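Beneath this line is the structure, given in structure tokens, with notes to follow.
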């Protein structure tokens, strides 16, 4: 650490102190407000995490970052998360890189009724467009918007927490708001680097309904619904009508899961999406049935109405991105074939990786990247919509604006007139 | 980064999400030493990793003697660092073609790309049949697609575009000035061109770590002790180790900016266009300053302030970010 | 790597080249001696190893060396070993440090009849003292020596291979000779650093019957029989009469093994020796019954005749070394208690470590150290045996040697006599 | 080794069989930074790890300003590097006592050792009852054994041995000159004494990495570029960073051995007694020279030739090898 003190370093060292406090020092026991004596500390929450250090060790074997120290730090921060928040479990989603700071992200399942949105008294049930997320711009009510999914369902099945070690946070976790279809629809049209500040404004066209944390949450949803994969049979998916609600949490295989052979794991058919895609038009996971199909939403065009890839579809069914295949499967440690590790990476979402070893019994997904999609072509920002032609009133006569030539001609006439008048 | 700093550098940069697997590190430890010995290089640099859709390339560079930008040689490994072979320099035309290929590298060095090219039509009278380079092109065209057929296209650089006369070339209304043609580019050419392009974007060094000596040679500054304090988190403290382009600043301007002739003979990252094409972060728990290029995503550099530790490496998908202006 | 060439570095670089060749380059296919065309390469041997990289990763968590690169290199070298030699399996024993080079050691089980000693025509069956190991000094036949155990039994149950990356070997494996009781008995009386040269002479008192590789093999036997431990129940030990022959190889738990709870694993009672001790007197594992008990060997003194700690005894039964306990059990990663790793280290053989995780289902022993025992007291080299008192012949008269005083007195008398004579 | 070189140094030395676990590394990354900030140290050194039978100690040292051998302060952590507390300097008498304790450290800083000591009997007439230091000793004696009772013995250094008058002291035949007494030593005192003893054995530096400046101060040589070639595998190229003892060589002898006044002001490892108390190995695949002390097993040093990378660390059982002469 540098010996010459400066603002940047002082700030950074503050973060280290904070980190030490948050990660290593157990919270001091609360003090009885009356007697001033320390009370017994409340039992920490009993949430669980997968063996994150081990997962990151296997990912390191696949060439995906995280030094051993950072792996430990993340595992410890995750441990503190499930001790503090009322969640049943949490997994490490990954890291989204930002310009000024990176986001370390955890995916958690709140205990029944413990999510903030479930604890607030339910106000207006019916349309439920705006779930009270802050930072959103007031939305016009011209069209009926597709309602957001309630917490615990579809694209809001999980809660996401963000932490940053580098910044002032020093390892504290912040809950991200749930996502709305409107945010997802606009997010699909943007391509931006994150700043690293959750409250930063998103200056974009089309205007994004929210601040950076909403955009972050939207991108997480897009990544999760596109890249959550596991070895075939690992998570039980019951044919056609199974949503991801039937699946156990990733990390615990279906009890009847049997180890797969290396060839199966090394083929795209050996891997399955275990989360359905987000619907293209409604930008929800579960189709919103209240409305008949007439009122198709903004981005709804040529896509077939309400189909998306269900959970359970094989990776081999995913379409390539122009000439680039959607997924790449790599054998790791080829030289020691007795203990194979298979790495799968998404080429559509660069930074999304999965690994499997021990016949697929050990597997995890992770995302470490800039948070945007690879399209294979240059980004074309969407054009503003065509101006709606108003009907002209009968007494209005349209004339062309004078051109520079017209004006010069007029000036000339004027000048001639003046000269004539002078003459 | 220097081969001898490989592990430290890789660890320092792992926080950005890319690392070398243990088998790659173990293999590089021996193969880079072998490379150095075989070519008698003064210095071997681990350049980085380029993602391919069926496998990755590891790239190393060797420096026969004192630093110049010309005499370095580039090597590629497609077997996780066990063996390296040299990448030949590419022509400017091929480099231009390579810049127009998009999508992931295939992971197979013999893969061939078909590239549409607008070539000026030569209306001068000429023998109508059998343009000289046609057989090679034909061979390449028939071999492409299976990805293994690069052998047919062997024989080095793709030929300079030669005119073809087929149906569309017949002038009907106004004679078109250009025609569309397919030319082929081999993956190793694309890769060599890419490495070159990133090198031109510049490996990053902290200011003062290289100096211009009295003989106007760029040499490593043996007494470099690292950047200090806030300087270490300023883009202007980091320079491109490449022939300077912005050095044409007037001496008055240089004086105003406090530039020193023997330190500031290189371009600073702060002058890169567009502004914001580099990010800089300091992580207090590891004590590392990390720089990331947003224009060449995957190009990383690090420096440990108050130390002579620094290095840069490329770990990416082999593409320039042409959308950068929309993304900031 | 250094740019200035010198003898040391050239030699070292040769080792690197050799290493590359041995570890990474598959052997070139053999050439048909008649046609000169390459033949099909023979199938590599089908030996197995535990997941060494993973084992070393857990040991790294316990603070025991091996960087990830070295772990990989060792795992790869072990892979080459089981491909090349006719063994059914091999595990990584560890590393014994030497003055000039270190020994990387593998423990292997030869296939039936494939050990060199089993392939040579059996010459003399009965006494079988000197199994034809080279380097041993010719032994005197005064006393009947306890015969060595045949390969595959007792102290010679396993074969040990040694490799050194640093030296000229560059990763090639050398088979160590089997051990004899005589070597074990002398090895117990020595305390030496290894030189790193397998053929180095051992200049010692008492004289050691062999060269450094024999001493190394003897120390390995002592370490193996003192520090091979596993969680209770991991390896099935059937009460009293089970030798280690009944136990499956370490690395494969007994199928009925059930995960142990953290407290059991963190107690010395939760860990068992799975290899019996070497007998104190016979310096064999299995008692040699041919001879009646009269002819007790060299070091046989106060110890009860033929008992040693059998396989299956708990670590808690081991006696301390003066004030130091025989074993230390440490919780690793205390901060993340959901995935505990337990480390056990021997204080008697500093450098012997074991770990267990996943309820004891994953476990391994390793030794990394100088190869000598901690006794808690300064080493006292054994004194030469007392000179045997010969019976005195009747005509010999024993007189005391003159002391300095005597001599002075005699000189004085002499001088006086001289003076008197002169006078 | 410097806290900032911790990871690189630990990796370089892992081949000797000792490393830091990941939780220790992660904790040290923050706690050493906190230590540096809290005491405003110019430099924090990770000194090593001492094995205890119920847990290990991690040791760090801080240097307030320029290097002297006196002003460094030593800190110990018994919680895997999360928190550190200072070890107080010990008296020469306690250091002597500590050198006579054998066996592993207990792992509990408050543990007390009973040490038999031969003290001269003072036959001078004195008041027969209540020797002044008795209560403290009594308290310590009653507290020892449970290992937790060190508090009773608190109050700093054990008192200088004071005479006791009990039965055996009564002269019968010839009055004995010494009597046997139990004195107590706390584990933290033993530990401080041990760290001091290893420091006197000397942390190891490559020749030229520290120089004597014009003011006769020992300073880090900023332009040290590492040992070159065979020099890097010679014991004589490595020096003890401690006050020199063998420096009394005549100037003729120094000249004969080619010693330079500003480089060779420290003792070389080659002069250590007994000969053979250090081993030196070069590993080509990692490019690291490793030195290991056989007299203080667990004392390791490394240097990467042609680089300024070096460091030393102790990872051991807290005992000097008194049997060395038999073991070579």
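Just so it is clear, A, B, C and D label the chains in written order, and each chain counts residues from 1 on its own.
Here is the rule we use: a contact is a pair of C-beta atoms (placed from the backbone, for glycine too) under 8 Å apart; a residue touches a chain by one contact, two chains touch by 3 or more.
Owing to the predicted nature of the structure, the values given are computational and were not obtained by experimental measurement.
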| item | value |
| --- | --- |
| Winner on C-beta contact pairs when A-D is weighed against A-B | A-B |
| A-B, B-C or A-D - pair sharing over half of the C-D contact pairs | A-B |
| Centroid spacing, where centroids are CA-atom means, of chain B and chain C in whole angstrom | 53 |
| Chain A and chain C: spacing of chain centres that average the CA atoms, whole Å | 56 |
| Cα-centroid distance, chain A relative to chain B, in whole angstrom | 31 |
| Multi-partner residues of chain B (each touching 2 or more other chains) | 4, 7, 11, 22-23, 29-30, 33, 284-287, 306 |
| Sequence positions of chain C contacting 2 or more other chains | 1, 3, 13, 16, 19, 24, 53, 60, 67-70, 72-73, 76, 333, 335-336 |
| Touch list for chain A against partner chain C, complex | 23-24, 48-49, 51, 53-54, 57, 60, 68, 72, 75-76, 79, 333, 335-336, 338-339 |
| Residues on chain D engaged by chain B in the complex (per definition of touch) | 4, 7-8, 11, 29-30, 33, 222-223, 225, 284-287, 304, 306-308 |
| In the complex with chain B, residue positions of chain A that touch it | 1-9, 12-13, 15-16, 19, 60-67, 69-70, 73, 95, 97-102, 165-166, 191-193, 321-325, 328, 330, 332-336, 347, 350-351, 368-370, 372, 374, 376-379, 381 |
| Chain B residues touching chain C - in the complex, by the definition given at the top | 3-4, 7, 22-23, 25-27, 29-34, 36-37, 42-44, 82-83 |
| Interface residues, chain C side, partner chain B - complex | 1, 3, 13, 16-17, 19-20, 24, 53, 67-73, 76 |
